[in-house]
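Shared chain: subunit A. Partners: subunit B in the first complex, subunit C in the second.
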Partner chain A sequence: MTIVQQAIPYIALFFIFGGFFFLLVGVVGLLRLPDVYTRMHAMGKCDTLGTGMMLIGLMLLFANITNITKLLLIAAMIATINPVITHLIAKTAYNRGTPMVEGSFLINDYVASRRHRRRQPLVTVREKGGDNG
Partner chain B sequence: MFPRMRSDLFGTLLIFSLLLAFWLLISASIHWQHVLVGVIFCLILTAFWTNLTIADDAKTGFNLKQLFMLIKYFFFLGVDIIIANIGVAIIVLNPKMPISPGIIIMRCDLERSLLRALYANSITLTPGTITVELEDNLLIVHALTEDVAHGLEDWALYRRLMEVEGLYKNG
Partner chain C sequence: MVEIALYAVVVGLIVISLLSIARAFSGPTVLDRLVAMNMITTNVILTVLIFAYLDNSYFYIDVAFVFVLGTFIGTLCILKLLREGFIL
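Coming up: the complex of A and B.
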């Protein structure tokens, strides 16, 4: 039994407790922050890294190619689904006019930095390049 | 299903090899029976889902340099995710909670759908910002602090994605 094999459970433990810490921070942020948008900050980010670190710790503990593949797939799914759902909630809240917390700023850089318009309308871009991504 | 496969043989092969690699990783054995079953099912799946995986007109492109740039991009995205989480933890666990939230409206010149989705997701996952809307070239971002909003204009990851897109257009 080499020293690397002895160290692996402790490294895994570090990752699992790190993930636990970030998930805890996400929950505390969800309770403490003032409005919908800022709460989405806490949930969208901390869940991704927290779950990812927990899965890395589990991978180190299993050390089995079949299970590592499954855990990697779970991590990839969480890393893609989580920001998408965060974006959807924020978008719906914004379009419904959910009020922000008092003192929010608004910067409009769109007009200031406009250089040229898109050459073709978005509809044709969607038709042409919708599925080449 | 077969004309499509014949018109884009490389894309079919790529999907088939991806599926077979996944099968081999899941089954974790190279006994000939396992491999035979895997090949049969991968062929059936590839043949049945050509209408979803292979486009009618466009051929599947594969650019090694582009792949390398995307891998580099994902590495820096991971670093940014860790920085973002530490930032959120510092803000949330601070008893005074130093936030100054707000909306920033800016433009985004990416045109390829995959890169647009990647960019929107990266904004959500990186320090203090979430994407609220990405419509045409109008991008609305919610920022947790005002410094973050000012730093978003020239962002390293955005430049990387623009490089990938430039390569795609030229090549």
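Coming up: the complex of A and C.
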């Protein structure tokens, strides 16, 4: 048994714990950030990176070409699906007029222009808290 | 040694899922809950893969793959319902 074969589980554990660290950072951002958009920012980046690192570690542990191919497929699917879902959640929140954090210097142009076109008085756009959002 | 570390990682993933459930329970809007559910599904996929290694039963990798696709379609349907008011 060469030294490379002895070192493979430790490298795999390094990748797995690195991925776990990124997932932990993502959930801390999910709990502590004040806004839908910032929470989504934390979730999207940390989730994709942590999942990729954990899948690399599991690929090193599964020493079989079939399983490694399947894990590569799962990694590719997650790396494409997760940014798409994050983008769609961001666009839905923007179009629904979900309020940003207080003190933000950004204005939701989409909802403001729709209200102006309908000649309605410009009120503060707030989303009702509840199950329907 | 590797197995003990992997069990520790599984326990950590369960703790992360519980913290995400706290956000899904107290999120002010429905999109917060959707983000938290996305995080939980990722943790479930990783837990299934780690148990596939620990049990040496490699069919669970296919289960994880189907789970990825299923959660993608589910989230897409919920977003379409929120944007347009209907699904099909």
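In this section, the second predicted complex is superposed on the first by the 105 of 133 C-alpha atoms of A that agree within 3 Å, B and C clash if a C-alpha of one lies under 4 Å from a C-alpha of the other, contacts with A are read in each partner's own complex, and residues count from 1 in each chain.
The working rule: contacts are C-beta pairs under 8 Å (C-beta built on N, C-alpha and C of every residue); 3 or more make two chains touch, one makes a residue touch a chain.
The model shown is predicted, which means the values in this text are computed figures rather than measured ones.
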| item | value |
| --- | --- |
| Which of subunit B and subunit C A:9 touches, first, second, both or neither | second |
| Partner chain in contact with A:98 - subunit B first, subunit C second, else both or neither | second |
| First (subunit B), second (subunit C), both or neither touched by A:58 | second |
| Contacts of A:83 with subunit B and subunit C, given as first, second, both or neither | first |
| First, second, both or neither for A:108, with subunit B first and subunit C second | first |
| Which of subunit B and subunit C A:25 touches, first, second, both or neither | first |
| Subunit B versus subunit C as contact partner of A:40, first or second or both or neither | both |
| Shared subunit A surface residues [contacts with subunit B and with subunit C] | 40, 50, 64, 66, 70, 95, 129, 131-133 |
| Touching residues (chain side subunit B, partner subunit A) in the complex | 22, 25-28, 55, 58, 81-82, 84-85, 88-89, 91-93, 97, 99-107, 111-115, 117, 120-121, 124-125, 128, 130-133, 136-138, 140, 142, 144, 146, 149, 153 |
| In the complex, subunit A residues that touch subunit C | 9, 12-13, 16-17, 19-20, 23-24, 26-27, 30-31, 36, 39-40, 43, 47, 50-51, 54-55, 58, 61-62, 64, 66-67, 70-71, 73-74, 77-78, 81-82, 85, 88-89, 92-93, 95-96, 98, 127, 129, 131-133 |
| Residues of subunit A that touch subunit B when the two form their complex | 21-22, 25, 28-29, 32-35, 37-38, 40-42, 44-46, 48-50, 64-66, 69-70, 79-80, 83-84, 86-87, 90-91, 94-95, 100-101, 103-110, 113-114, 118, 122, 125-126, 129-133 |
| Residues of subunit C defined as touching subunit A within the complex | 1-2, 5-6, 9, 12-13, 16, 19-20, 22-23, 28-32, 34-36, 38-39, 42-43, 45-46, 49-50, 53, 58, 61-62, 64-65, 68-69, 72, 75-76, 79, 82-83 |
